[in-house]
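Please find the structures below.
What follows is a pair of complexes built around chain A, which joins chain B in one and chain C in the other.
Let's look at the complex of A and B:
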């Protein structure tokens, strides 16, 4: 019974703390319960709606930047050139309704996909805007009945039933400029689009390659006329000859150029960014190139019929109709949904981070990267993840800086205020000297001088220390003024008369009386420390790339192109920074009003 | 034997406008188990002399001359460490303002346990038990719940009891009560005084009782020192002060006459001492009380009288200590 009551009581008080105690109507004979100073402050604060809303907003931001980085670790070296400046949204695998159920073929591009229906109509979906003027959604008219499509990183190839080739999208590296000698060739078997390059394989085993030959040094040599199919990634080309031999079609040596020799006759080949893979006649998979743990998992498979390569994963069809995927799974690209293997899958299309499994009814089941909630930046890094990790960094720096500054402030202010006289004079002059230092230029100079000699972690520590060491005078003055006001109060004399030592008097008797003011000042200081850190990082003197902070995320957004076209790269970090500093400031204001209600009336 | 002895104490304050001689040659002593009442108007140096004993003067104050002997030790020679051991342990103080003498942010328990922790090396748990014991010894009802309360939740009388409890925590040899009842109303005052008297009898604590209220002195003190302008002008057992005597200082006489009495006929005005206490930086020549003294002669205005032993236990600082003689002289 009593336990129940207790639980009820505590629940009421927690709720009361959050939503304000509903005042009980007291009869005029009853005296209102006297409250301790701390409770009064909390009650005043809770009654302040603006401050409470700010507190909730701040807590949401705080908890998310605390929890998200703890769950999702950041790979600082991560860069993905195929995912640069992707706009926010989740439509990368949103197959158009008109195409669904009528799919002939799908080709996966970097952030978009192209599909062709059984009627020969071409559809493009996903993040199709390549630059401000180029959009792969601008499909050329009068292509006739298209039978094949191939999506590259930023362009699309299409082949119609007349054997005519069409190309559109970004053509800066001539990847859309179909070679003259190909225009007369009518027996194109298969078309391919890669990273800034295109290729076509004819029925008689010839390969035509065009586009950025600076990146891929295409060299076919003796194999011209023997090629059955090829595979392209951002660095090279693999070819499969008609008699089942896997050959490298690149002049220079690459990670996946050393093709295993004992493999036997291959029937299908695929490439990821760093590895090559082949399926042999007897249904086995061979993977070679830069080894990672997961990319070789497929080698244990048996009865493999065909293989497709994404950016960092493979998808294979088995003879029994099952679909298996392995490799990196950071966007879920190798997690095949269970419904894929329940349905009758005829073909699987894989590229980059997306997968489409086409069922016998012509419908697509998709898995992999749908898109980025807040887009990506110029290195293809997820803006959300950087905001979260950057927020943690910004807040950690702000918090530690403010702890340093408040600690110094309390000690110097407390000693100065309590002892007065010469000690006070000297300490306050020092405080004034530090106060007079122009903060930003000084911090920039210090960071520039020391910052280049030390590593990244030391650099972050340096910024915390600089921020802390340059911002204590405000706290020291505040504490000193409060201590001056408190030290002549009777309770201090009383404490001395009891035999409390000076240290105890300052730090155990006086400071607790001024702690509310310190909390207010620290809260406001936290916001400004965060802003200063962001300012320093924005100017390039704080935390540097690739480690994210809100400030250096904005640093990368200074050009007008970014501001105009890639708004998500600066809008979201700015919102995060603005919202948290404003909310912290409002919390600080609310606390100040709660501590000193008279200040509000003025 | 005297527990505390002040010998010709001079306490000065260095201010921008000159040296304030707050205590100027004061000697008094408190015997073990006895109460010395120190009476005087505001600014007569009674509190300063007490603070000098504990060496708790403001930073601009210093003892210029004289000796303070406590329990055979010269306080002036004590190190800081020794002083910490004396304060609150052997000598403790009750202040005038119970409202502000307690730290507002701590519970009673925390403040009352401080002397136990500091001086008796107790841990918090042991101190906690002592706190309850002390609170009940000063007749605080419901000590367990009061211990958990903050100072602002208590009334003035309760707070003063807590102050007394803190002062008596370590059973000091000497209790300095610096106007302990001034801020309290009369009924509470009576309770507090009774409490102090009881505790004195019980524990044999000596009390240095500082007040401007002669009525209170009459209740509390064994001996009385009357102070004026930093000097003791009359020193006598309480009985002598409060009964009609042959000898007295005109200031004491004035103080006595300014007390309302039950037998004063209606319509008769109370006698007040004319004028005000002179400014400490501008003290008159001769007898300090001369400008306000109705018996003052030219001699009083020129020469300064010394404290003269008139009878056994009776000292007066006046050229004309005999009441009858003064009336004739005028």
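Let's look at the complex of A and C:
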């Protein structure tokens, strides 16, 4: 036996195992006699390369949208303003090679990080593109020897050894406009960048604040001249005075501005989005504000030296050099890798969702959010997760709609075809009308009028029913034609002669003979039901935000900004939807050819 | 034939009334009180008793104080007289709201139909004649892609390529803003604005129609009379275009009429993406603004179009194929 034959045989047997073919190969004549029609159909289908490839592609998509949502639940209310429209990729914590081993300081921005080397050179990495024209990677020249950097949500501050301040990035809210009275000040101790705002603390305890004062209502009052360090998040500012008192530096009341009184003298402070935290002289951590289940875990710690705050997590350095982190762990930002505590860590830099632990050799160990494989949308939601959950929704709706439509189609087509005459006339006229109605406008109207009164789950059920109710005529006609062809055959006459009831004749004797045709039509109908659902959701009459479907993910993507700059927001859902419908249609075509090889000749 | 048409017309009237009852029923399910909606704007400056009086007046004016069957009777009589109601959003009669968009939609769709049939019929015929050739296979693959992709994805891709990356065509509107020039120049400007929506429509429907034409042609090319024609030495062109194509017309007519019916309904999605002020956009806005009188009138219009379409399809069968007997 030649090698080729062997390979062929093994391939056949693998497919045979998969699709239940006989192990023993039969000759053509034997096959004709022994194979059931279904087996012939499967054999024909398996031989069709295009259809098989499509089946595999579809199964991959189908299994992913089935398994991924089962494993990763989606929080429909999730929104994250600091992670909006992030491009796909995993470079958020990729420290440049030239900086690695020579790190003086790192500052973490929303989707990028800034580092300065011991020689005073500044590096920026991560998702640095803020808008089509602003890129924080465009570092100003002639800054001299930089000693400090501070990264905000969309801008960067740098301080050189002469005490000069530089700012670049997005300055729409004047966060890069360094105040005139600060330009003459040469004793800046520490610089800070937050969400659309910047601040500087001088050696003599003064705080300068600039940027979007509409978001943060900065008010220092009597504490001016006493501040040692501050902490900024997207809503407010906390200050730590030189004698260890924690004070809120905003005029308005915020979740974290009510500072616990019995704390004692604090040595370090930090902020997350909703809470504040302080480390006291005796090494204890206090957390206050809108605490969640995990965010106050740090209160049991002892021997803490310093603390850093991310968006929803804290990291703390202990006196023995260990690093601990607690809080939300949705991007692994609170899971400190074991190699951090094996190494000799000198400092930890934390911000947003990223962490950098700097070892004594000047190298950085990172953990947290590396990036998003398919980017994020305009609310900062992960596009991959939405595609997966949206796919499940789109496919579920399509499948149930097609089950409804096929069921109605079989009943009406079966009855109409078997009885003929007046019943047939009436049913087919109804089918004709439903068939002729413009599908999308009717579905939209029904969804808009009925859908206003009901909740979201009922809305989804309603959409399935609408799609099902408007698409049965095709199936009914098909079944009717098949029944007409079958009803005068001998086996029906025989069944009638034996006294089988009419219902039994239609649904138990005739319908099984037309089932293959129905399967083909259902497959093709599934693709078109998915398309219609997507169209409805795209227009806002189907499933609504924040629940994702492939259609409503594309809603709002037709502006040229999104099309060009945030391409990942429409390209990936389009690919998912397009690939699914193309593969389903090809499977349907393949099935049709397999069921009725003569159709292929036509 | 005349008897058949008469019979069909009676049936159409019957169906029309059933559909109108259905539509009216759906319309009555709309939440909210149209009379209150009408007074919403002037509510603030009114005393409660004046408001109440005006509200009752509005109810009377809109006929809401009568029982639902009477309301239906009044509405359907008005409809038949050509009074389609009053749009609460545009503060105009529905007929005036719909007239201009309908013409816009028809212009757009007519251009699209001409282009689609100019491409698909020759393409389908060539594919059928050169069945299983590389050309046919390539067209088959593209046609599957064409009818599998939703129009909004095609639209996004085309906007990206032809309007954003290479700004050749405008993304939205009917005419350039503040356009001045001769009527001819204006017509060209309109065509230029139509380019993208028409292209999307063409790409979206080219696949399925080519397949239909191809299937119909293959069917008729396999008939005995084709073999006879070839055997007696008829030129291949004549065999294809006059013997085979004429017999393939029947299924093609079905699609053509189906398509022409959709000319009136317009494409809601395409008109929305390209902000084409057509009938689909009006329906969309009507639903969004809860202007249900417009929606109701349009749905009734669709029903009439659907019924007429079916009749026209049957008559067209007779005309292209004398063998078809209607009874």
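Rule of thumb we're sticking to: the second predicted complex is superposed on the first by the 570 of 602 C-alpha atoms of A that agree within 3 Å, B and C clash if a C-alpha of one lies under 4 Å from a C-alpha of the other, contacts with A are read in each partner's own complex, and residues count from 1 in each chain.
Following the convention adopted for this analysis, a contact is a pair of C-beta atoms (placed from the backbone, for glycine too) under 8 Å apart; a residue touches a chain by one contact, two chains touch by 3 or more.
These figures come from a predicted structure and were not determined experimentally.
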item: First, second, both or neither for A:494, with chain B first and chain C second; value: first
item: First, second, both or neither for A:574, with chain B first and chain C second; value: second
item: Chain B versus chain C as contact partner of A:456, first or second or both or neither; value: neither
item: Which superposed partner A:512 touches (first chain B, second chain C, both, neither); value: first
item: First (chain B), second (chain C), both or neither touched by A:204; value: neither
item: Partner chain(s) touched by A:585 [first = chain B, second = chain C, both, neither]; value: second
item: Contact breadth on chain A, by residue count: chain C or chain B; value: C
item: Overlapping contact positions on chain A, where the chain C interface meets the chain B interface; value: none
item: List of chain B residues in touch with chain A within their complex; value: 54, 56, 59, 84-89, 92-93, 95-97, 100-106, 114-115, 118-119, 150, 152-153, 163, 166
item: Residues of chain A that touch chain B when the two form their complex; value: 34, 36-37, 420-421, 489-491, 493-501, 509, 512-513, 515
item: Interfacial residue positions of chain A with respect to chain C in the complex; value: 429, 432-433, 436-438, 440-442, 444-446, 448-450, 452-453, 527, 531, 534-535, 538-541, 551, 554, 557-558, 560, 563-564, 567, 570, 574, 577-578, 581-582, 584-586, 589, 601-602
item: Residue numbers on chain C that touch chain A, as the complex places them; value: 11, 15, 19, 26-27, 29-31, 144-145, 147-153, 155-157, 159-160, 163-165, 171, 215, 218-219, 222, 261-262, 265, 268-269, 272-273, 280, 283-284, 287-288, 292, 295, 298-299, 302-303, 306-307, 309-310
